[in-house]
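Labels run A, B, C and D following the written order; every chain starts at residue 1.
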Amino acid sequence: MSKLISLSEAGGLVRDGQMIALGGNSLSRTPSAFARELARQGRRNLIMIKTAGAYEIDLLCAAGAVAEVRAGYIGYENLFGMAPSYRRGVESGEIRVVEHACYSVIAGLRASAYGLPSQPVSGFDGSDTPASSGFLQAEDPYTGKSVYMIPKIRPDWAVVHVQHADAAGNARIDGGPFEDVLLSRASEGVILTAERIVETKFFEDKPERTNIPGFMVDAVVHLPGGAAPASCYPLYDTDEEAVAAFLGAADSPESLQDHLREWEVSDHRAPEAEISE
Amino acid sequence: MSKLISLSEAGGLVRDGQMIALGGNSLSRTPSAFARELARQGRRNLIMIKTAGAYEIDLLCAAGAVAEVRAGYIGYENLFGMAPSYRRGVESGEIRVVEHACYSVIAGLRASAYGLPSQPVSGFDGSDTPASSGFLQAEDPYTGKSVYMIPKIRPDWAVVHVQHADAAGNARIDGGPFEDVLLSRASEGVILTAERIVETKFFEDKPERTNIPGFMVDAVVHLPGGAAPASCYPLYDTDEEAVAAFLGAADSPESLQDHLREWEVSDHRAPEAEISE
Amino acid sequence: MTLKTESEIQAARDAADQMAVCLARELREGERVFHGVNSPLPMVAIFLAKKLHAPGSVLIEVAGSVDPRPERLPFSTNDPALCQGAAAIFSNADAYDLFARGGVDLMYLGGAQIDKAGRVNMSYIGEPSAPKVRLPGGGGGSVIMEQARRIVIWRVVHDRRTFVEKVDFVTQSGNLARVVTPLAVMEMRDEGLELGSVHPGVSVEEVAGRTGFPLDLGAEIPVTIPPTGDELSALAEIDPEGVRYSEFAALRRVER
Amino acid sequence: MTLKTESEIQAARDAADQMAVCLARELREGERVFHGVNSPLPMVAIFLAKKLHAPGSVLIEVAGSVDPRPERLPFSTNDPALCQGAAAIFSNADAYDLFARGGVDLMYLGGAQIDKAGRVNMSYIGEPSAPKVRLPGGGGGSVIMEQARRIVIWRVVHDRRTFVEKVDFVTQSGNLARVVTPLAVMEMRDEGLELGSVHPGVSVEEVAGRTGFPLDLGAEIPVTIPPTGDELSALAEIDPEGVRYSEFAALRRVER
């Protein structure tokens, strides 16, 4: 009952208009190849959920795939500055923004993971964010204190790039998990892209290290290098030249197509069903 | 800056009337020796927090140390049945009960860990528990649905028995973590009792496996066998004979003293500052 | 303690086997199922079902493991030995969250008192503010019972102290499908709990007499399908130490 | 791009060093401190403080590690290389929870617009519903700023576009202690942001002229203590690659 499929098949699971959470954080362990595949397949009207995003959101904005972004931060770090396609989309009114703090994204995901309509979050009193995003308050019944409630965020798909997965969907993350474990609990479906596919025994030997159990996962794509040009600890660093090249090319639709073509071979080289160790 | 202290010193950190959460679950990885030490030191009026407890709660009830229990389940499993001293204390009116589900204990601990006055919990509509325990509802501002809110549970001390700790308080748990990671986040102070004390390098080699970071921990006691007669995976199983002997003796104060004396040597043998590997 | 007669012991063993297979038959292929502390019969039943008709079901259990393959079934259902062979370890909160978002199909629960309306008491006998008996509490049950898709209750005694007109305290209620006892399988219908089947050798009258609320005895009550040869040999294989017998006073391994 | 003159480059390097030591001096021994994405100067400052006066402080950072001891400081402050030598890895939620329950002493935040009342805009320039510029957003800041005990803001430009009468959007506010710029250290007082000190070689008038809200210039404004020899040699040791310079346009490593 293997859940291993190709990147094209996995991209095809996502439908226009769905709510998608891509894992990782900023330029770390980002499911970049999956984002490129959605752009290649011409997906439209996606609602993107993210705490701190960069290339993957910017790329999908450049491709015209995004209708709405709910995020705490979208931008490259200071080396590259703001995310130009995201900026352009928002400033032109093409892309709606639901302004969040990273922690309120987490609260919304927790509401979903905990089976709640909304989740309280501390803070936010001195911010225009809740009013701007329509976050409402409720009164704590014990103290009478008002607390902001973040409505449930239940992505149709969480897409998480991991270092290790098996065909059953068990996944282990090395280094910071960011919000990826929570994403797997909060989302309707889970798609993994993985640097290496291992035997299930790999997980059975250290079950405490399994971040996502297989039964929560719908599909697994074997995708070495799938985070590039973002980094994937400890395997590869951020490819700064490639990020710069993308940013330089992001201004024209033709350049975007060139970028997608340039990465097509490596995105699809997936040595299927090759099991490590 | 070692946090290693003796069991007597660690027991002395707890003051009469404080709220205490002992980790583990049922007869698994229970901080049993710590509970015995509180009984030996004659602690009184404690408020005990637990999802599913057994020997450790029953023992402290037998010792007259407990004023209130907030728990989902207090009892041995079917081999030994109900917890006699807990029963007697509640039935005589000496011990107050705040009836909980395990999940509402978790919700109260989450409120504390998340800096909230209370945390919503799904379910509970068809139960007398919320009314009996004074749990109040709030209206979700988005759906108008009423949700039970569990008031914050912030123990003065979480006491967690772990397989591996270092002198700085980093801790790793093998097998099920139960609620112990959450307890460390929800409590004012954290005391570890540990099967083995290791060098910090042990944690640096696999930092993803560290369940509790040292900066959250106040004290570490080197206490091999500190869960007995409960089990500590994978080191030792539940000592059923010892549980049966305790239950047979629990009816008289003298027998309780015998029980505490019987375990005194092993509870205090702690080979101080002995570093494994 | 009093010594049990050979026939008493055999009767209890038969009842335990019958209950184990009845519980196992409730689990369907591919479902997610949970068992809690103090649940030997459900634990055995789940492994029986996985061996027979539901190999693709996923067990999440209170000791923290997901789909373990233990070498032997422990007597404590919260024993970390149960985690052997699991590919993932869960915190309990993670498991309860799965229930809360509707991700568990089947849960087996115990119950000290059960009434016609399918409400369950695990908390107090008598007046809760001054109880005659303080029971252990519902554990996970008081929220889980509303969250799992289907609840099956098991109880190794079938008497009027268990099946009562009205429970003294509603620890939990909701989503009840069946109650399995040493005498019968009760089904939750619109009218409340009714007899679904009586075990071989048990009369409808005996069950009615030992049930503290009225049962509809108008229709033909079928006899429970006894354990099949396949079920019995699978039982013997997965539970050679007789964990399934440990809930029965007559068969207790550790005497007090 | 235009080539920078030697003196422009040297001035930017001096300002970066001054800012790094000012930020480092804010961290006290034993405190818990957090830095987020896009925070090269705070990251360098924290490691500088840990080397000098705050060795017992605890760094929790956005890449997920607790108190790392990286072999080299990465240019991206969200680089997992930063996690090296850490004894524990955190999820971001775990770190934000620590803030929420009051467990973090000091946080360094950025800010695109800052007003006299100490309110910070990281969201929109212009009308939020039809923005002239969509900024990246506050990240963790919009709740963290109310939760950390002390907030220190750094900003590598000091001009009237940054220090405004009133921010266009309040992304975050609260608990502001100081703002560190290439020209000065501003302090949050009851009256709002005021000049705490000006860096060596900078005139009070220049700062006032480049600040878009009024400053109290009545009292004597001290000069910032310049980087000491110890501070400069420690800086050179912990940050030989010059990560602290990467925020300055004049010193950027990667050109676009």
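Simple rule for what comes next: a residue touches a chain if its C-beta (ideal position, glycine included) is under 8 Å from a C-beta of that chain, and two chains touch if they have at least 3 such contacts.
Because the structure is predicted, anything quoted here is derived from the model rather than measured.
Student: Moving only to chains each one touches, count the minimum steps from chain B until you reach chain C.
Tutor: Minimum number of steps from chain B to chain C: 1.
Student: Taking each chain's centre as the mean of its C-alpha atoms, give the chain farthest from chain D.
Tutor: So the farthest one, by centre of C-alpha atoms, is C.
Student: Any chance you could check whether A-D or A-C wins on number of contacting C-beta pairs?
Tutor: So, comparing the two chain pairs, more contacts are at A-D.
Student: Give, as an integer number of Å, the spacing between the C-alpha centres of chain B and chain A.
Tutor: Centre-to-centre distance between chain A and chain B: 37 Å.
Student: Distance-wise, how many Å sit between the C-alpha centres of chain C and chain D, to the nearest whole number?
Tutor: Roughly 60 Å separates the two chain centres.
Student: When the C-alpha atoms of chain A and chain D are each averaged to a single point, how far apart are the two points in Å?
Tutor: Distance between chain centres: 28 Å.
Student: For chain A and chain C, let me know how many angstrom lie between their CA-based centres, rounded off.
Tutor: Measuring from centre to centre gives 41 Å for this pair.
Student: Where in chain D do residues touch at least two different other chains?
Tutor: 65, 83, 89-90, 99-100, 147
Student: Which residues of chain B are in contact with two or more other chains?
Tutor: 114-116, 121-122, 175, 177, 208
Student: Identify every two-chain combination in which the chains touch.
Tutor: Every pair of chains in contact is listed here: A-B, A-C, A-D, B-C, B-D.
Student: Help me check something: in the complex, which residues belonging to chain A touch chain B?
Tutor: Interface residues on chain A, with respect to chain B: 114-122, 136-143, 145, 147, 149, 151, 173-175, 177, 208-209.
Student: Taking the complex as given, what residues does chain B use to touch chain D?
Tutor: So the residues of chain B touching chain D come out as 1, 112-116, 166, 168, 170, 185, 200, 203-204, 207-208, 210, 212-215.
Student: Once bound in the complex, which stretches of chain D touch chain B?
Tutor: 32, 56, 58, 65-67, 83, 85-90, 94, 97-102, 147
Student: Quick check: in the complex, which residue numbers of chain A touch chain D?
Tutor: Chain A reaches chain D through residues 25-29, 51-52, 71-75, 77-83, 86-87, 90-91, 93, 97, 99-104, 106, 110, 121-129, 132, 175-179, 181-182, 231, 233-234, 237-238, 240, 244, 247-248.
Student: For the complex, which residues does chain D have touching chain A?
Tutor: Per the stated touch rule, the residues are 37-38, 40, 62-65, 75-81, 83, 89-93, 96, 99-100, 119, 123, 128, 130-147, 169-174, 246-247, 252-254, 256.
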